[in-house]
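Provided herewith is a single structure, encoded as structure tokens, for subsequent inquiry.
Labels run A, B and C following the written order; every chain starts at residue 1.
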Amino acid sequence: MTSPTLYALTGAALIGIGFYGLIEAQHLLRRVITFNLIGSGLFVFLGAVGARNDGFDPIPQALIITGIVVALSASALAVGLVVAHSRASGRATFPEEDEDA
Amino acid sequence: MTLIFDAMLCALTLGVALATVLGCGVFRTIVFFVVYGLLLSVAWVRLDAVDVALAEAAIGAGLTGVLFLAAFGKLTRIGVEAEPSPKRFHLPAALGCIGLSGAMAWAWFALPEPHRPTPDLSDALPRAGVENPVTAVLLNFRAWDTLLEGTVLLAALIGLWILTRDEDWHHRLGRLQHVRSGGVMESFGRLLPPVGTLVGVYLIYIGADQPGGAFQGGTVLAAVGLIAALAGLLRPPRITECSWRMALVAGPLVFLGAGVAGEVFGVGFLTLPGSIAEGAIFIIEVALGLSIAVTLALLVIGPPEGGDSE
Amino acid sequence: MADFATYLFTGVGLFFFVAGSVGFLRFPDVFSRLHALTKADNLGLGFITLGTAFQAEAWRDAALLALIWGLVLLAAGTVSQLISRDALRERDEK
């Protein structure tokens, strides 16, 4: 097992962990955080693809940098929405999901 | 030997990710997420991607962590109830996620063998105007993606501002900071910006030949601005202030102008001919770095919250 | 020779880091934990920086490493002060 394979499998596991966290989370801020987890797991997978055969492939790296910046801006907007929702409704979860908790 | 190090790093990263997901309390989740981001930066260095490591440490771990911590503080101040009580373990969801990870792992092993390096890229790198291949790809070969990325940043900021309540529109962004004059925070806010600005400008400048670039340097500058704002030394602007709006759009405008100039002079939209590539990339990077710094700082500060006396 | 120095100093730095982490896990309250983290961890970082400086190829790289250590010291000192002041205020409020 080579080093990129190890990171690719880690990335795959991170995506799974992030998705589970996204499904089971009820607090909205926690959902935004686990969404970031999924994104970064995907980036690791993509980076491992770019690092195969001991080469240095700049195109996946440029795409990943773009992805990291876009993930931050999406998180900022999502966080703003969460705060606005909480201010308007007084709770940090969606109302229809409190019923079956 | 290095494989053992990689294995331990991956195991640690997975453990911290599990702690993020399963931790009780949102604050714990945020702290573990920051730790996860830093471990990931080390992983990027191991994957031979130093630019990505810089971006992940600065943006992924640093700014995103600050963003979440600030949001947590806002939620606590609003007074929302704490995390709802113990969650059940969702077995179907867990099985589905394990299946998803398995599918991704299978995809990795099913990937075709690459032709590396792609012949077009290695031929084109000498006429890119810069020595750092990642910067060449970001600002020359795939400049279209970077232009759109700058626009996405701006769009996210505008979206965030739209969430302002009507009565708060003319207040300053974020919240008024109460800082003890002569205290530790204020001294830190005076001591750090000179060094931090130097580091940020250096990162932007050196990005042409070595790992660095507009995004990494711009993020350091944004962090310096945030520290100064937290120390009460730099007051966030109002939405309506003109000079700050100029700073926000300067980067995408310069980039777009370069692209249109390429079209006007007949070489094609957003194409940089080899002779002027180096100078053009430098100008674009400076403008982009400035815009990224201001946009990221204002994204983290958030919409105006009112309650100020000004 | 330089490699031996790197191993030595990095090992000492690791020892201090482990000591700081053990203290963080075992100390009873916020203030003593902050003490362990700021003192032991920063000293450990200083030793690790010294160790890696032996691998630097030019004085410029070693100076950059020293700058990193200085900045971390500054940040750690400020943050621990702020945390402890907040913890003190919280304790007095109870």
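As a working rule, contacts are C-beta pairs under 8 Å (C-beta built on N, C-alpha and C of every residue); 3 or more make two chains touch, one makes a residue touch a chain.
Quantities reported herein were computed from a predicted structural model and do not represent experimental measurements.
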Touch-based graph of the chains, sorted into line, ring, star, complete or other: line
Greatest separation from subunit C - chain, by CA centre: A
B-C or A-B - the one linked by more C-beta pairs in contact: A-B
Between subunit C and subunit A, distance of the C-alpha-averaged centres to the nearest whole Å: 30
Mean-CA-position distance for subunit B and subunit A (Å): 14
Distance from the mean Cα position of subunit C to that of subunit B, given in whole angstrom: 26
Per-residue overlap in subunit A, given as positions that touch at least 2 other chains: none
Complex contact set, residues of subunit B against subunit C: 184-185, 187-188, 191-192, 195
Residues of subunit B that touch subunit A when the two form their complex: 2-3, 6-7, 10, 13-14, 17-18, 20-22, 26, 29-30, 33, 36-37, 40, 43-44, 46-49, 51-52, 55-56, 59-60, 63-64, 67-68, 71-72, 74-75, 78-81, 83-85, 87, 89-90, 93-94, 96-98, 100-102, 104-105, 108, 111, 114, 116-117, 121, 133-134, 136-138, 142, 145-146, 149, 152-153, 155-157, 159-160, 163, 213, 215, 292, 296, 299-300, 302-303
Contact set on subunit A toward subunit B in their complex: 1-21, 23-24, 26-27, 29-30, 32-34, 36-37, 40-41, 43-45, 47-53, 55-59, 61-66, 68-77, 79-84, 86-87, 90-93, 98, 101
Contact footprint of subunit B on subunit C as seen in their complex: 67, 71, 74-75, 78, 81-82, 85
